[in-house]
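For reference, chains read A, B, C and D in written order, and residue numbers begin at 1 within each chain.
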Amino acid sequence: MVEAFTSFRRSGLMSMITVGIITISLTIFGFFLLLVLNTGNIIGEISAKMDVSVYIQKNLSDSEIAAFRSQLVSLPGVEKVTFVPKNEAWRDFKEKFAARFSLDDVVEDNPLPNTFSLEIRSTDLVEKTARMAKQVDGVDDVRYSGSYLENTKILVDAMRIGGFIFVLLLTFATLLIVVNTIRLTVLARETEISIMRLVGATNSFIRGPFIIEGILIGVLGGAFAILILKFSYDAIAARILSALPFLPVVVDKKQLSTIYIMVSALGMFLGMLGGYISVSKLLKEK
Amino acid sequence: MVEAFTSFRRSGLMSMITVGIITISLTIFGFFLLLVLNTGNIIGEISAKMDVSVYIQKNLSDSEIAAFRSQLVSLPGVEKVTFVPKNEAWRDFKEKFAARFSLDDVVEDNPLPNTFSLEIRSTDLVEKTARMAKQVDGVDDVRYSGSYLENTKILVDAMRIGGFIFVLLLTFATLLIVVNTIRLTVLARETEISIMRLVGATNSFIRGPFIIEGILIGVLGGAFAILILKFSYDAIAARILSALPFLPVVVDKKQLSTIYIMVSALGMFLGMLGGYISVSKLLKEK
Amino acid sequence: MIELRNISKNYPNGVGALYDINLHIGKEEFVFIVGPSGAGKTTLMKLLYRDEVPTTGSVIVDKINIAGLEQQQVPYLRRNIGVVFQDYKLLPRKTVYENVAFALQVTGCPRSQIRRKTMQALELVSMLRSAKQFPAQLSGGEKQRACIARALVNNPPILLADEPTGNLDPATSWEILQLLDKINKRNTTLLVATHNKSIVDGMKKRVIAMESGRIIRDQQLGVYSGNL
Amino acid sequence: MIELRNISKNYPNGVGALYDINLHIGKEEFVFIVGPSGAGKTTLMKLLYRDEVPTTGSVIVDKINIAGLEQQQVPYLRRNIGVVFQDYKLLPRKTVYENVAFALQVTGCPRSQIRRKTMQALELVSMLRSAKQFPAQLSGGEKQRACIARALVNNPPILLADEPTGNLDPATSWEILQLLDKINKRNTTLLVATHNKSIVDGMKKRVIAMESGRIIRDQQLGVYSGNL
């Protein structure tokens, strides 16, 4: 333990550079975890915003409508139910199309039904909820933007899988960089290891300090990476939130800490692995 | 030159690991260039798809309409002009809203005007083009989805700036990793350099082979990175194109080669820089 | 204690270093190995602590043929053989004290004894003064003495000294040899490869002379040069 | 040729290596520096090729005070001083041939001459046979001879040899010294630090004896030890 610390200190510049490389790699890695987390969040938000319109029969009383609402609220997946009275809908509709033609010229009476607009928790539930809403008494028709949804679903799935594969690949790349950087550091001490062996040190005895040194380097790299990530993420998130308030940036402390912990754990693990692999490689050679 | 090659060969494992780390870093770097390129493309496509509708007076003859079209085509930023006859528009409209209410019941005559749909080259030009289209004779009104466009524009800009900053940061990170990896390799030869100096070698004489070796390592790393990028990108692009044909994946050979060339140039440059910085550092020490 | 049978050694690059070596060294013997540069003295010693394996023949140390020793057993063999390396082989990132203590640490020696034994060994070679220096901060002779201290520190039953006085002045050399002689008398088998004529001639011990990888003379109470 | 005035040297870690050294060595002199381990012989030589700077005093080589020499000038100074390092300092990734040739390459010597001169130097120290080996594949004496070849190869006007025979047998040592003597007679100023009593006594040259960082004796046609 003390050995590893002393050796770390004495190798000076070399250790610093190693820690630097690892810091950078882990920062990139953490940065992408954060990016993937946020992309997932935005996608989730988008799908949540796709709503299902439930058209109800024209001639229901207010109390019937209220009863109806509570039925819809209880459907699985429904997050929010908004009632759009037919008059409001008609006003919106006319406004929207006012330029194209003057509706009042041709339409005497409001032809639109009362509508409930449902926000659904997740894309997967949209179809199911729509089907169930259709079975509720008094529902005229249920509509949701079918093909748009289909496409979005494929895209969301593609991005999720892509994000996952991508984080996997990046983990692997980070692993390679970190392990190999530590390996370089250890390789440079080939002579030292060979001398240790000549003096009668067993392989495990030699390995010990190198592994601890690897962990030390990994932990340090991880700690620096977290510092960089935390400060820059907080700054960037604040900026985005003020500039683009409609973007759902993740600021949940818990989710963020999970990522930070993952980064530091990875650093430690990779440092250990790097120390282990590299010494073993040198030990096997002779 | 020969020196550098021999030294590269003789340092064996160490050189291999260095090349490996550089390959990985450059691969990640190139991967993100590709990602940014594609994101840019998708965003471009989305903005290109935002069209401007030009409603024209109802009672124009076919030849007037043709003249009109050529005028629109000549507007700056206009990529494509599609004519939507009022009958077609009415059919579409009725189909779209058939479920909500029966239009035929209430509307006797097609109230819609003839419409030209313009595709605009870039988001920035939409407003300008709309304004100019409005001045064309015979135009009743020009519409485009204002607030949606505003948001998209902010988002597009944010993503562009973000992508740029991000590529910049990543370039910097790659630079640090590559330069420092080569530095580690050179640091390990501290003794060698000090011996060279003792024998009367000038700083520039010592630097030469190390810089060439750095370039060699950088170029090799760049070459491997390009191989990895090319094959995996081609495979992934083919897969996406078949699974999600609506995603505009970049397959333009020219754009891709530019990225590949950038990656290899970066590798070479960083290798050189790494060699230079690290030797200079060692040379200055004494 | 040590027996070499029909040893020959060719290095991978084709250089032949030893041919047809047969040799027996008894327990607690004191043997000088002499011979011109490149004769194979260091190679012969390397065989004994399993730094090299012979191309043919067997190397028997303490009744075990170490040519066929398993990798895991090698450290334990080496703990029983103290070696003064011709090129010192000090750990560059450890001080003199740490270098010597390291040889004790690897054997799992209790912490309390390490300090005492290390200081004792450093005192024997008059290196207490430089205990905190790093190898790069030592003079040639100081490195050599640090290396000797490390080889002695855990009282190994066999001690190999390859050119232990190459960088030492005659007076210090003679002291070191007296020290080695004392250690030899305390039940340690001792092999010393050297070019130091006056020491070999003065000590009057068994002398094995080598030339071009062959033993050309093996003489009790011998002298450095056969023809003189 | 060489003049040291009021030199003292303290290493950064506080060790004092030289005190109050005053010394003049004329052109083409042959000087032995002797003294016990740690006396400061290597440190004194390091001052001459500017590997260390004195704490006080001036070092004048060929009329230039090299203690104040600019960094860029140092390589040119070193090309005029051949050094046989006590610890060889061979480039580990270059073969013996390449190591010797390197000393010529740095001076910008034309390619055609490099080969000829290198081979000549290797022949002088009988190392042609090992020209293609790497330092790690050499015996101690072979490394030493490779180092001597490198120091000689570009006929420097000053040659410093630090323990050039520490790992050589008496016969080879004597040959090397004869070689150095011959080089000295071809207009080369020669400083040899050595512990080899018989060589110093045999050569009958100027002897400077040091102890604990001080010059305690400076004698023409001297011998190794003053009291004998």
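Quick note on the criterion: a contact is a pair of C-beta atoms (placed from the backbone, for glycine too) under 8 Å apart; a residue touches a chain by one contact, two chains touch by 3 or more.
A quick note: this is a predicted structure, and the numbers were derived from the prediction, not measured.
Novice: Going by average Cα coordinates, which chain is farthest removed from chain A?
Specialist: Between chain A and every other chain, the largest centroid distance is to D.
Novice: In whole angstrom, what separates the CA-based centres of chain C and chain D?
Specialist: 28
Novice: Taking the mean of the C-alpha atoms as each chain's centre, how many Å separate chain A from chain B?
Specialist: Centre-to-centre distance between chain A and chain B: 22 Å.
Novice: I'd like the Å distance between the centres of chain B and chain D, where a centre is the mean of that chain's Cα atoms.
Specialist: Once rounded, the distance between the two centres reads 63 Å.
Novice: Give, as an integer number of Å, the spacing between the C-alpha centres of chain C and chain B.
Specialist: Centre-to-centre distance between chain B and chain C: 67 Å.
Novice: Going through chain D residue by residue, note those that touch at least 2 other chains and give them in order.
Specialist: In chain D, no residue touches at least two other chains, as defined above.
Novice: Could you pull out the residues of chain A that touch at least 2 other chains?
Specialist: Where chain A is concerned, no single residue meets two or more other chains.
Novice: Among line, ring, star, complete and other, which best matches the way these chains touch?
Specialist: Graph shape, chains as nodes and touching pairs as edges: a ring.
Novice: What's the complete list of touching chain pairs for this entry?
Specialist: Every pair of chains meeting the touch criterion: A-B, A-C, B-D, C-D.
Novice: Using the touch definition from the top, list the residues of chain C that touch chain D in their complex.
Specialist: 11, 13, 15, 34-38, 41-43, 86-87, 133, 137, 139-142, 144-145, 162-163, 166-173, 195, 197-198, 224-225
Novice: Within their complex, state which residues of chain C touch chain A.
Specialist: Going by the criterion above, the answer is residues 49, 51, 72, 74-79, 83, 85, 89-93, 102-103, 105-107, 150.
Novice: Can you tell me which positions in chain B touch chain A when the two form their complex?
Specialist: That would be residues 13-14, 17-18, 20-21, 24-25, 27-28, 55, 99-103, 105-109, 111-113, 141, 143, 151, 154-155, 158, 170, 173, 176-177, 180-181, 183-185, 187-188, 240, 243-244, 246-247, 281 of chain B.
Novice: Within the complex, which stretch of chain A touches chain C?
Specialist: Touching chain C: residues 7, 10-11, 191-192, 195-203, 205 of chain A.
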